[in-house]
Amino acid sequence: MPETSLINESLSLMAIGMGIVFSFLLLLVVLLRAMSWIAGRLSPGLPEASAPSAAVSTGSDAVSASNDELIAVISAAIARYRSSRR
Amino acid sequence: MDELLKLWQSMGIANMDWGQALMIAVGCGLVYLAIAKKFEPLLLVPIGFGAILSNIPIAGIGGPDGMIGMVYEVGVETGVFPLLIFMGVGALTDFGALIARPSTLLLGAAAQFGIFATLIGAVALNFIPGFDFTLQDASAIAIIGGADGPTAIFLASRLAPDLLGAIAVAAYSYMALVPIIQPPIMRLLTTKQERVVVMQQLRPVSRLERILFPFVVLLLCALVLPSAAPLIGMLTFGNLLRESGVVERLSRAAQNEIINAVTIMLGLAIGSKLSADKFLTVETLGILVLGALAFSIGTTAGVLMGKIMYRATGGKVNPLIGAAGVSAVPMAARVVNRVGLDENHHNFLLMHAMGPNVAGVIGSAVAAGVLLALTGS
Amino acid sequence: MDELLKLWQSMGIANMDWGQALMIAVGCGLVYLAIAKKFEPLLLVPIGFGAILSNIPIAGIGGPDGMIGMVYEVGVETGVFPLLIFMGVGALTDFGALIARPSTLLLGAAAQFGIFATLIGAVALNFIPGFDFTLQDASAIAIIGGADGPTAIFLASRLAPDLLGAIAVAAYSYMALVPIIQPPIMRLLTTKQERVVVMQQLRPVSRLERILFPFVVLLLCALVLPSAAPLIGMLTFGNLLRESGVVERLSRAAQNEIINAVTIMLGLAIGSKLSADKFLTVETLGILVLGALAFSIGTTAGVLMGKIMYRATGGKVNPLIGAAGVSAVPMAARVVNRVGLDENHHNFLLMHAMGPNVAGVIGSAVAAGVLLALTGS
Amino acid sequence: MPETSLINESLSLMAIGMGIVFSFLLLLVVLLRAMSWIAGRLSPGLPEASAPSAAVSTGSDAVSASNDELIAVISAAIARYRSSRR
Amino acid sequence: MDELLKLWQSMGIANMDWGQALMIAVGCGLVYLAIAKKFEPLLLVPIGFGAILSNIPIAGIGGPDGMIGMVYEVGVETGVFPLLIFMGVGALTDFGALIARPSTLLLGAAAQFGIFATLIGAVALNFIPGFDFTLQDASAIAIIGGADGPTAIFLASRLAPDLLGAIAVAAYSYMALVPIIQPPIMRLLTTKQERVVVMQQLRPVSRLERILFPFVVLLLCALVLPSAAPLIGMLTFGNLLRESGVVERLSRAAQNEIINAVTIMLGLAIGSKLSADKFLTVETLGILVLGALAFSIGTTAGVLMGKIMYRATGGKVNPLIGAAGVSAVPMAARVVNRVGLDENHHNFLLMHAMGPNVAGVIGSAVAAGVLLALTGS
Amino acid sequence: MPETSLINESLSLMAIGMGIVFSFLLLLVVLLRAMSWIAGRLSPGLPEASAPSAAVSTGSDAVSASNDELIAVISAAIARYRSSRR
């Protein structure tokens, strides 16, 4: 009977589905804990947030650094990508 | 006389069939429930009115050349409208309670059992003559158990467009009925001792955590379950607009202009799928029954997981909050709060229930991704 | 040198023909009327500017690959934009005065005589060489007499897209001229005794009546005249959003975000139809003359029906309010109020004129449906 | 002459058109009067309107009834539709 | 097991290649710069997130059937989104300072030298192996020097869609870096005596002048350079909505609802062009280097023209305001103000710098029109 | 070498491009000056601006005139267009 095979299929779908949902959210619990731990460490690393006029203010090192950073990050990404394709 | 005949033939009464008349009545009924009973009016008013308009004979408003038919094609067939609504939901949702207590994600996971149990129920209905659900149909029906409107519409538009009307109506109707369906189940499965548990206050959550949260969720989704990425992606994008604090204009647009305009169009478009030959079938009754089942099983599974956590934490978790895991934000959390207050007039569970509540949104998007990956073509 | 030649050939002056230059002047003229004379600026500013942009040589902004051309295709050719505006009109309109005194619908009916008389006028123009209006063209021109912008645009886009530009310009221009056109006709047709009639205060209207009203109108339309259902449907949908009281967000979206954005796009798109070969024809002059005729006849018919009601009710109805039946909401009602005040400084007819005024909107949508059903392909 | 036949056609269009517009709006007058009369009778039938938190409040009979109502209404509609098709 | 294999194969980790992982990192980097460093967050948050979403394997969100891919096709490929943003810019911009002192247009003209110098730089890069820019590519890259986001996106979408992602990122990044790039150049090229010049107060501008302004600009554009008409047309249309004073509703819609919604969609769509094979190339590095060059040369040219005007006017013009000619509204004007204040704590140059600043917007739109006319197919 | 020809092409593009940009904006300077001069003359010509209710007020000559104006302007445009096509 096709209905029975469909039932079997849906039973395995249930098993796998609930398995994935639980694994996913369990993994997310772990990751969120890790995130909060790391965020606690970095917390003073995002002080510009409270200074909304930072970008407009003087040519501070923070912004200056991020300029080099932009090019550095993309350069590194390109280099790695190129090498990975060979 | 010629014109008179032409005119008579162009009249609605001369062309209306039973099905259309009944569907117009169904549309009026939905609007009635929305206005008089406050059943999810933001969606059910447009859906009901869309059903009325689309069943007017001759006019063809829901057809390929009609306005609503074109809106359906552009917004629902492509999946764009439910995704934009999900972006708005993300921009409107405060995930703080979840970040403060990530373990409540397990309650959101457990409540998705309603989805998968319903899947089997839908397939089992095929034993009854008159039902002939494919696995795709069954998956689209099952997602009603996720208690999340846009997720249900997105999945149904992908897996079973023919059932979209009935599924959307069932999803929103039962979300409106959460205050009726859940409390008896919650009281049945818990003891008074469990229900009076007062939970620890939530720790404050830093801005950095709020900003990192969408990335953590999205990256996990990208690595493990990319089929859920459109839904999770737009949800987290909306949430980042909200929490980043630097794009206030865009956050407001996602929370207001965009979501409101899309809701009107989405509702009308769904209403156009309420045609007699698609909706007035025994399958619709099956979907309504399965939907009630899905909500009940989801609530049960959530509360049972709550009881497990109650034991595991030595009584620190009130198992009632498990019921909020079905999502139906924020109504399920309010129901938990009310049932908790019934037992102890000073025990406000609302904030504690928000964690599983928003976890349920992520959980059902994940479940939708699983169903898409495994049964989608 | 090669580049210089290429550049010269790409310049506007090297490519502009007389027609484009004249149409740019016409566009500037419309913007002038809109800004300096307050002629329906919400529509005429975008229409005029759209005409300027679309007549810039080489750029092709109104062409198939240009932005405004694409907006036209998506929003006007499909009929979606005028329908969305009608939804907004519904959400902005208070039908209370009409519900309180339904008999004023007869005034709204009578004023539509302007439409059908103009239809004959348009056909009669064919006797003059240079005119060659089909019955569809004549119908689209006649609807100017309905004094309702979105209805005119909707019908013209369906029956005579080539005349759309001229018809829209005429419709909005004459709506702006209502305060000039109507008062002399009103004074000519009524006696002082009639004009000073003070009407009974309107009874209050319950919320239930306001909610039922859109359904009654729509269901009658569905049964009798489905060809008017898109217009009446969106009008009543917008009004239900307003009156239901449970979807405040959506009502605001229909009244603001959606209607504003659509108005900008609709105006630009109509402007793109103001091209020399379509607009600078004797037919346009015919349309302008017929439009003035339509307004005058509509006003006349409305006032005469007002006089009949004055007799029938034993002098309880002020016949001036019949002039508001042409619609042109709310300007026609204000004109009635002003003419009434001229006779009796304490007789405020505004609220009494709002009934026939909004009845005129329904009346011209019904007339549009009739024309669509009888002359549409 | 084609112009004359077009004139005739438009004359009959005028007659029919004004006839329909008047009939439609006359019918609407009647229906609106009926509506107001019925609404006056039912007026106390929509009291939830003034209690916006009804749906969220307790499991009242009103909401409970509408649940059954939803299924009942749709069941009846389906039954009638089915029978009408035979 | 079959399902488990199917599932594993549907996972992101099983399908992600290096390029996608790197581009997700780049997307995160852009969002980081936007949030932590306030780099043009309104665009870079959506662009960065769009890059993340579009590089999720399997999901295909940026592909032809994915939501962002469809948004790209509808809004960017057609050029509609940047034009709508330009309309919003027009509605948000006060051209009063420019009308009061039209000579500052020359500063806006000079600063466009950055564009054309970069064009040569881009072509010269072809001598280095690995670079192969066509004249179209070079033109699209050069427009970065215009320091105007929507203009750059519009031109790149027309001339070099493959480079759109890199060009948009470079344009917005350097606009954010204006406060770093400009001051040293400004100080190097001017003497202290020049920097302390206090300028005459601007004369008041009448409403009539403000209303005529968009027409003058547009008509010149139509006559001379119709290829710039879409950009200039929408800019002046938006400005007319603002200044006409009779369409407040539409002006607000252009300034808020429309521009906000379009910005979200445009950002996501641009992000979808940040794919590894298009973005992770040496050409992107070239574009970043050329972009910095373009800004520097533009600033230099603007300041030098400022010095010429200083001489020509006998010292009445402070040459610093020439730096604002690159546009980057309003940041460049603020930088001028700050550098001026550094020399003289009572010398506020902001209003004087707004003239060249908005002139720069017109100047780069004109330059874009020239490039389109001369290199476009 | 193709690169060199491309360089030449881009050099002429620069020359022409900057030429047009300067000419355009220079012309705009002149036009804006002219505009301001004319606007100064006409200034009292737009007094309705400060009377937002003008259109609704009485059937003033201003509005009446513009009606004729509308038809006159379009008539003239049509006449000229027709004659120009012959």
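A, B, C, D, E and F are the chain letters, set down in written order, and residue numbers restart from 1 in every chain.
Assume contacts are C-beta pairs under 8 Å (C-beta built on N, C-alpha and C of every residue); 3 or more make two chains touch, one makes a residue touch a chain.
Since the structure is predicted, the reported quantities are computational estimates derived from the model, not experimental observations.
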- Can you name the chains that touch subunit A as well as subunit F? E
- Chain of greatest Cα-centre distance to subunit E: D
- Please decide if copies subunit B and subunit C contact each other with the same set of residue positions, more than half shared, or with different positions, and reply same or different. different
- Where the centres are mean C-alpha positions, what is the separation of subunit A from subunit C, in Å? 54
- Could you tell me the distance, in whole angstrom, between the mean C-alpha positions of subunit B and subunit D? 29
- For the pair subunit C and subunit E, the C-alpha centroid-to-centroid distance in angstrom is 41
- Query: If you look at subunit E, which of its residues touch at least two other chains?
  - Reply: 3, 7, 35, 38, 211, 221, 224-225, 245-246, 257, 370, 374
- Query: Multi-chain contacts in subunit D: which residues touch at least two other chains?
  - Reply: 13, 16, 20, 46, 49, 52
- Note on the structure: Every chain pair meeting the touch definition is listed as A-B, A-E, B-C, B-D, B-E, C-D, C-E, C-F, E-F
- Message: Using the touch definition from the top, list the residues of subunit B that touch subunit D in their complex.
- Response: 3-4, 7, 17-19, 22-23, 25-26, 29, 33, 35-39, 173, 176-177, 179-180, 183, 276, 280-282, 284-285, 288, 331, 334, 338
- Item | Touching residues (chain side subunit E, partner subunit B) in the complex | 3, 6-7, 10-13, 15-16, 24, 28, 31, 34-35, 38, 41-42, 45-46, 49, 52-53, 56-59, 61, 66-67, 70-71, 256-257, 260-261, 263-264, 268
- Residue numbers on subunit B that touch subunit A, as the complex places them: 98-99, 102-103, 105-106, 108-110, 112-113, 115-117, 119-120, 122-124, 126-127, 135, 138-139, 206-209, 211-213, 216-217, 220-221, 224-225, 245-246, 359, 362-363, 366-367, 370-371, 374-375
- Message: For a test of understanding, state which residues of subunit D touch subunit B in their complex under the given definition.
- Response: 12-13, 16, 20, 46, 48-49, 52, 54-59, 62-64, 66-67, 69-71, 73-75, 77-78, 80-82, 84-85
- Note on the structure: Residue set of subunit D touching subunit C in the complex reads 3, 6-7, 9-11, 13-14, 16-18, 20-29, 31-33, 35-36, 38-40, 42-43, 45-46, 49, 52
